[in-house]
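Pasting the structures in now, so scroll down.
Common to both upcoming complexes is chain A, partnered first by chain B, then by chain C.
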Partner chain A sequence: MTGDSTVERVQAIVAGIAGPRRTPSDLGPGTPLWKDGLWLDSSEMLELIVACETEFGVVFDPAHDPIQEALKTVSSLAGVIRSKVKR
Partner chain B sequence: MNSYGPPPVFFRGRHWSAREISGIALAWREALGEQFRVSSDLIAMVMTNHPEAVALFFALSSFPVPLILLPPDPRAWRSSPPVPPGTPLCLLPSFRTLAHAGEQLGLTVTVLPEPDVVTGPKGERPSFLTLPGFVLFTSGSTGLPKPVYRSTARVLAGISALVGAFHVPPGGGVVGALPVAYSHGLGQCLLAATVLQSPLRLLERFDHRAVLSLFASGQYQYWAGTPLMADVLARCPLPRSQAAPPVCAVGGGRTEAVFHAFLKRFGVPLRRTYGTTEAPQIAADTSAPSQVRPETVGPPLPGVQVSIGDDPREPFRPGQTGRIWVKSPWGMEGYGFSPVVEPGEDLEGWWPTSDIGFLDESGYLTLIGRMDDCVKLNSGYLVNLADIAGVLTGCPGVTDVAVVPLEAPGGPAIGALVESDTLSPIELRSHLARLLPPWSHPQVLEVTHELPRLPGGKPDRKACIAILEKSASG
Partner chain C sequence: MNADPKALLPAASGRTELWPVRPISYSPAVKAVNRGLNLLPWPWGEDMMALLGVVQAFARVSRLRRALRWAAAQPGARGRWGLALSLLSHHGRFIAMEALVGIREPEALRRHLIVEGEEHLIKAAEKGGTLLLGFHLGPSHVPLALRVIGHRVTLVGDLEHSGRRPGATWLPFLNPSESLSISGRKPGGRLGGLYQARRLLLDGGTLFITADGPFGSEAFRVPLPGGAMVIRSGWLALRGHTRAPTLPVLTYLDGRKRVVTIHAALPAVEADPARDMAVCRAALSPLLEEYVQRFPEQCRSLAFWS
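What follows is the complex of A and B.
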């Protein structure tokens, strides 16, 4: 438990997309979403964005949101979502 | 010879006029010089969704040698057969880091100079797309990518036939969200805009929010994508209702649920198209909007013939499933790098696709799956293993499944190894009985707590087959 509900919710979404076989037992805020982590492919990344938009009621704006940066780790994605929810 | 020029391109908020792209193309053609025209049988470039790549594409399209289009990821450059060593590889300045990968393949790399600020050609309109043909690559899903050579005339005829059949108006904007390095994206984005002389809105990669915003602008007449893209567009959160281009088309797999969601959200039917790298633009649902059907890819395009069966000269009756054969005026010349091209295996001009499907009474084609995923039983039925896997996966309590062909004493058979902690084979067979015809049920069905897996996590099919064959023989 991280005590951060956004991180935990993102973590649950990520684990659902990666599935039990690819989700490491130590999945945490710093787990990379791609290389040396969950190895989510481009369609899974897209799935992740849409799932987060639905879960948090936010819309990622490609012109203003640092989406590529956000998609590095669970924590970076949660950070962008938090900043959007605050707005 | 045709005289198509580049379309105007909108990219990252900037407008690149057709004149500007032509100007850059001419400057680069000049910079490359005569040596490319006389010293090589081929030229290669890295194709990407960027206006400068479009300019380079048109620059090289005016040389009298075939153009090889390589994708931006150099891991995909290894093909069978390989790109001939010594082939010139022209790299955009922004792709100079790929020079090493090109040299490793034995290519002669030239990094182009930064494009000057160009106002465009003066005087006579330059001639582009005068090259003999293109080499594109298959996806490589069943091995190394294979180079496919198609003449320029065939490439342009195929895409002209498609946009003509869809009645996309000349000048109507095209949304370019597919990767233009591959046959599908090149045809349905860049070349569609080229033959229509329409503005092309080029996206570096699919971004559903960017595409939705283009849809909402009302400036676009044609969007081609994949079932996954359409699915995301149809179900992502959307604060308000909005429009979509009048012609929206997807290639590939089954999309019934997506079709209905897309129609409900945008009021526009999602038309399906069918084609392969070897034979693009085979069929498309060009019906009136209210007549578009989700389950079919439509009738063959005018000029294309489709036959279903083991032998195309003895086609199956309507409704009967079999291999899809194609006779197309814009199919490939062959596999390889012109002038060394091996014609594809064919039967009196009929090319066997790797897909199976059926034609209905009205001549509409429905895709069922790939030959690789199917088993022909002694009873004569062609069974799609992916369909069985889909039904089993949909059974609550199943976490994964491997459905594989087996060699049994009586002939080909189907085996299913199901991963579940709670279900028995009897329960699974009763689930299958509700959803599939009896002749498609697996002859061997076993349940395991954990499928054997490869290091990457995918089921190990060979190990699954061994388990099922042992079970069948025991």
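What follows is the complex of A and C.
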């Protein structure tokens, strides 16, 4: 547990999308969402973004939010969500 | 992951250069030939490219072998060599058509266009977001064809043409801001286009996306004579997230006419994604089987790219 509820909630969403077979036992904030990590494809990343919008009540703005950067790890995604919730 | 912010959502953020929007998959030589042939009156350039498609295969024997292999796998009375040569000829012609060789203004495209099943699109678009599902079969540029007859269609992908600067009459129809790029090998790069596409559908827009192609993860395969068509998952995700009616669109060349057939919508979206995929597969398979049976000479993606 990280003690960061945003990270933990994102982690739970990610694990649900990747499924038990692809979710590493040591899934954590630094786990890559793509290469050498969960290997989410673009459709799954779309599912992740949509699920996060619902979960956190935010709307991503692809023209301004650094979505590609956000989708590196669980932690980076949580960071972008936190910044949007604060606004 | 690409850290370059310029790589983020190029079309959606309006950062795409207006030109060039050229066929990225073709060699500079093909592009140069297309430019040269573009000087000829229509359809001479297309005819020349059709001939070149055949001639080139005798220099590039691997392509000829693939064409013969494809032809041999097709049931029916057509001779293997005849079908293979027709396939090569269509391949060359489609490259010219993709580059709009000799087509100087939208009216020229409109004159040689037949759209069947347009009522399906009108009916669906009246109700809201509509997903037009295309395939790499037959001549390309379905979104462009639909735009020139008055439909506002956003393409998920990259508009391709010869690289030449078209006349002013083309500009409203070739606006890259009405394209959402999902090319690229990294899913993060493709996500931007998919996300924008979802938004557009939820806002009631009409979107054209191809089900097959080189990018995206595989959803399922449709077995066809000569090889299976790999169906990607992007459109299924969009369909699931938006519940937009999904209309399969197939296109073929009938003499000089480009025929676009818009089929009735696939069954309504199922709540269970696996079930929805199975339903779509069951609905699409007979359409694709019929297409390959009727127009095996126009299935260049299946013959050469699979």
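In this section, the second predicted complex is superposed on the first by the 87 of 87 C-alpha atoms of A that agree within 3 Å, B and C clash if a C-alpha of one lies under 4 Å from a C-alpha of the other, contacts with A are read in each partner's own complex, and residues count from 1 in each chain.
Going forward, contacts are C-beta pairs under 8 Å (C-beta built on N, C-alpha and C of every residue); 3 or more make two chains touch, one makes a residue touch a chain.
Given the structure is predicted, the values throughout are model-derived calculations rather than measurements.
J.: Kindly say whether there is room for both chain B and chain C on chain A in the superposition, answering fit or clash.
T.: Result for chain B and chain C: clash.
J.: Between chain B and chain C, whom does A:53 touch in the aligned arrangement: first, second, both, or neither?
T.: In the superposition, A:53 contacts chain B only.
J.: When the two structures are overlaid on chain A, which partner does A:85 contact: first (chain B), second (chain C), both, or neither?
T.: Neither partner.
J.: After superposition on the shared chain, which partner residues are touched by A:12: those of chain B (first), chain C (second), both, or neither?
T.: A:12 sits against neither chain B nor chain C.
J.: Classify the contacts of A:21 with the two partner chains as first (chain B alone), second (chain C alone), both, or neither.
T.: Touch status of A:21: first partner only.
J.: Mind working out whether A:43 is in touch with chain B, chain C, both or neither, as first, second, both or neither?
T.: The answer is both, since A:43 touches chain B and chain C.
J.: In the superposed model, where does chain B crash into chain C, at 93-101, 147-155 or 309-317?
T.: That would be 147-155, the one stretch with clashes.
J.: In the superposed view, which residues of chain A touch chain B and also chain C?
T.: 42-43, 46-47, 49-50, 60, 62, 67
J.: Could you list, by residue number, the parts of chain C that touch chain A in their complex?
T.: Chain C residues touching chain A: 1-3, 5, 7-9, 12-14, 182, 186-192, 194-196, 198, 216-217, 233-234, 236-238, 241.
J.: Within their complex, state which residues of chain A touch chain B.
T.: Chain A reaches chain B through residues 20-22, 42-43, 46-47, 49-50, 53-54, 57, 59-62, 67.
J.: Would you pull the chain A residues touching chain C in the complex into a rising list?
T.: 34-35, 40-47, 49-50, 60, 62-63, 66-69, 71-72
J.: Over in the complex, which chain B residues touch chain A? Could you list them?
T.: 205-210, 228, 232, 235-237, 239, 399, 453, 457
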